[in-house]
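Chains here go by letter, A, B and C, matching the order in which they are written, and residues are numbered from 1 within each.
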Amino acid sequence: MKHPRLHLREAPLPGGQPLAFAIGLTVALFVGTLLLLGAGHDPVRIYSRMFEASLGGPDAWAVTLNRAVPLGLAGLAVAVAGSMGLWNIGAEGQIMAGAIAASWVARIGGDWPGLVLIVAMLLAALGGGGLLAVGPAIARARLGVNEIITTLMLNEVAIRLAQWLIHGPWKDPGAHNFPLAPMLPDQAHLPTLFSRAHCGLLIAAAVIGISSLAVRYTAWGYELRIAGSSEATARYSGISLSRKILTVLVISGGIAGLAGGVELTGTADRLTESISNGFGFAGIIVAALALMRPSGVAVVALLFGAVQIGGQSIQTLGVSSSVSTILQAFVLFGAIGAGVFSRYRILLDGEAPVVPEEVNQ
Amino acid sequence: MNEASLIGLFVATVSFGALLYLAALGELLTEKAGVLNLGVEGMMAIGAVTAFIAGVEFENPWAALVVAMISGAALASVHGFFTVALGAEQVVSGLSLTILGVGLAAYLGKDYVGLPPGAKLEPVQWGGLSDLPWVGPIFFSQAPLVYLALVMGVAVSLVLSNTRLGLALRAAGESASSTDSAGHSVLGLRLFAVAAGGALAGASGAYLTLSLTPQWAEGLTAGRGWIAVALVIFGAWRPGRVAWGALLFGGTLALKTRLQTFGVDFSPIILSMLPYLLTLAILLAISVRSRKRPSPAPTGLGLAYRREER
Amino acid sequence: MTQTPSPADESQLAVQLSEVWKTFPGVVANAGVELNVRPRTIHALLGENGAGKSTLMNILAGVYRPDRGELKLHGRAHQFRNPADALSAGIGMVHQEFRLIPSFSVAENVVLGSAPSVIKTRQIEAEVAAMADKFGLRVDPAQPLWQLSMGERQKVEILKVLWRDAQVLILDEPTTVLTPDEVDELGEILRRMADDGRCIIFISHKLHEVSGICDEATVLRQGKTVASSLDMATTDSTELARLMVGASPTTSDRPAAATPGVPLLELKELSARGDRGIDAFSDVSFQINSGEIVGIAGVAGNGQRELADVIAGLRPATRGSLIMNDADMTTASPRQRFLSGLGYIPEDRLGVGLAPRLSITDNAILRVYRQQRRGPFIVAEKALSYCKGIIERFGVRSGDIDGPIAALSGGNLQRLLVGRELDSQPSVVVAAQPTRGLDVQGVKAIQDLLLERRNAGAAVLMISEDLDELLTLTDRLLVMEGGIIRGEFDPRTASRQEVGLAMLADATAVSRP
């Protein structure tokens, strides 16, 4: 029986990661088709509705873009940390923390003019997310405590904090005893660009753009990438690792917090327990598929958003929301697998990767 | 506050503790072999829904439990395939598994929402023992899965420390290359550990729908899978310590809904933050105290193993 | 040219490897290697580092699979898919990097892979103790492994292999971590095992230890067998040294003699620990003057890598002092040393000197990026023109300079690294294995660059495994073995053999303190 083994390719396949994503998508669609057929649906009708609802016209694009905004910001947060080899698993909680901070500003600034209020809210959101990341950042920079578990724990804390606020001190007295936070002041909503697409798009684009530029073109970003590539090389060139870790994790948290603020002022009209809605975890996957590069996050977030919106839309055709979730998971696994194969080759017993003729000097 | 409500609190502590312990044990096994599986929420959800469905269809609770465990193992094996066989990034795969598991559970269970349970695992009566004051209700009137959790805890502990399999699993988590050189199949060991972890998480989910909250609804697992992940670290990867941690965290879960009866006006929501904050505190304390000593985590945790990579 | 006694009957040979080829990305490790081992013998596998000895033995032990070649045990052909197959065929290997688990006990480490289904700890420990006694290996089975010294851990590795009833034992550079007494002890233990019916393959580059212990020797050089199954009793060690290190080269022009000036680099009793906790080098003292190249010869693994790292500031010194340009730099950071005029060409090119996942331009500006800023930004034009300058002046052949550095060939990588370091005109240069793996042109280019710096008045330290290069280029030559400077030679007058022997720790060398 021939025994397979994985052999590192001399160079990754051309087209690399985008190809991997495309293959993943194709595999997912194939499996999804089977799933739909099994459930008695017409795949063609389903897929065309998905496309129509997500990318079929200005209204569709608006909804998709709105969804892509928090996905993109969360993905950016993870990617910025990931450029340095750090895992920010706490984006979910940082989004919530950002939303909480922004809500707090809305409570005290109910009569501020619109622009001032919104800017203040967004800045607070930035701060809220960053604050939540400070603990894990210090723990990692000074004590070497793995940031995966520390950021993970704070997710749950932040979500419960929001729950407590909504059920307790911030409960809307006019909501007839339902646990709801009060509505945001009228002026605390991001203006719309076209159809239902809100300015969050511009904000996200700006932040992603600035981050990409920073990582790619500034000295700070340069040092980040060196440290992410090889710690030894970083020390060799005089970069202070612990300071870098600290700043990167806090900035990452801040960006995630901003996502919460944007989502609050853009899509939602009050603070809710589900405002983070899985964006934090989806952001990790977006970042991983974008190879931890801020410049790739925008495209991946857009595609991801389209898949999610498309998935939601087919519920009216009798397909449950869980199907779209499952489809997403298939896409992810497909991309994960394809990513491995773009870097590794399968060899069977007795095969040699290269036929040696001469000895190297 | 009266005796009955205090007893009720302890009963619930043990119940919730067992729920957490089953899932945590599974994750402990997986991590001991070197694989990080962040998909516990998904595996618990799958276990819960398949147990419920099997209960409704077959009306046999034990068959339902078996179905749940197999389902959990099957789902976990997806993660195992990508991370162990292909060597993909474990964090990403685990999170994708959560999405898959929760979505799949919602899909499978949609026709069963709100239905009454078809089978339940009622608390076991131990004859005279169950009538003892205090000890009776707390320790001798629990659902069968609580005792299963205890048995599994002992079993896992014994297997890890006193059997060939346990030695090999631990070795795979410490140093995959040494284990490979010794003639064991690192691939086989890790796949097994991942699947076993999934089975236990599935059992934990089954406990939910067969005993604790016998009904199905989306989001039933409610973040308890993450507590299980934290528990493993909290207990420094030792089954005994994890058991104590499970009781502790189970207690906070139990306390959550009972605070009113104790006349304490402390928000249960804040209380539910405790497990997570506790884990953080313990982690930091451990790190500060033992900077020089080796970490209790399996040395090879999270690293893919490829034999020929130089 | 090999001496191959043709086996009259193949089944007489315990182990026979023939025509073995093995490649890794970018390098051919074994190119048609041959090895014949007779039963009940201790067989030395000799060669310099990189000759392919470990790779070959890893194939025999089932860790690697050969691209081509035959493996026969007692005349029967075998194909091992993994270490388990090799183990069940009776082959056990003690690797250079121990495959042990520090948190397990000695007994747990020994029985890993062959334990009974139920492990009764006390019983197992007693059995392990009994086997240890049988072969004269003194270990406490219940002790956690991390408490053991390297020499003791090696005994555990040997016990592991004996526990599996291995008939062929492979030891990869076993004496690296042993004191002279422990080496003798090992020799006795191995003799006992050979008499007991086993055959042992002993990988080494330390001739004097090997000649005391081994019966026969096979020599590898650059992936090929250059001598097979030589009788150690009748072969002269000089001849073995010559086979390992290679024939004398045609003489090349010596550079003009240097006129050394003031000392720019001074080491005084410098010592440091290695990664394994034992001293990597100790009490190293020498100085290098302006305008001279001092070489350090020695087989890799004798402390040179650590010495270079310590001079560069990447590893702390435990004792002694380091003075550069009249300033005490013993505890200075790498950046401070760079600013005071140090250029460092590390042995680990892609892991320390260059950032593997970044572009060529990014790597080129590693030392100077702080000067290329305008505000927070690195000015792209400045970076690009600097990079182009380096590429032109140092002859780096590259494609897209925004492309990944890993796309450069070895020679061009090194030209970039060396160019980048020398561009700031350092007054002290430390070059560790600067021409390793390069083709003829690449070697010449790097050597010329170093000579240029020396002529401009820099003090150059050149650490190399290539003896010819050192004899040609250096003004003074030191030999390092076992972490100690064994001697100084005048490269103009010293003979290859003389220096080669000191490098390979022949019997004439001073014993280790």
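By definition in this document, contacts are C-beta pairs under 8 Å (C-beta built on N, C-alpha and C of every residue); 3 or more make two chains touch, one makes a residue touch a chain.
Computed from a predicted structure; not experimentally measured.
In terms of inter-chain touching, the protein chains here all touch one another pairwise. Between the interfaces A-C and A-B, more contacting C-beta pairs are found at A-B. If you average the Cα atoms of chain B and of chain C, the two centres end up 47 Å apart. Between chain A and chain C the centroid-to-centroid distance comes to 45 Å (mean Cα coordinates, whole Å). Look at where the CA atoms of chain A average out and do the same for chain B: the two points lie 27 Å apart. Residue positions 5, 8 of chain A each touch two or more of the other chains. Residues of chain B in contact with two or more other chains: 307-308. Across the interface of their complex, chain A is touched by residues 78, 82, 86-89, 91-93, 95-100, 102-107, 110, 223, 226, 229-230, 233, 267, 269-270, 272-273, 275-277, 279-280, 283-284, 287-288, 291, 306-309 of chain B. Note for the complex: chain A touches chain C at residues 3, 5, 8, 10-11, 214, 217-220, 222, 225-226, 228-230, 232-233, 235-238, 349, 352-356, 358-361. Those residues of chain B that touch chain C in the shared complex are 162-165, 167-168, 170-171, 174-175, 177-185, 294, 299, 307-308, 310. The touching residues of chain C, counted against chain A in their complex, run 21, 23, 25-28, 31, 65, 67-68, 79, 81, 222-224, 312, 314, 333-335, 338, 344, 346, 348, 351-358, 362, 366-367, 369-370, 373, 376-378, 380, 407, 437-440. For chain C in complex with chain B, the touching residues are 24, 61, 63-64, 82-84, 87-88, 93, 95, 99-104, 108, 111-121, 146, 160, 164.
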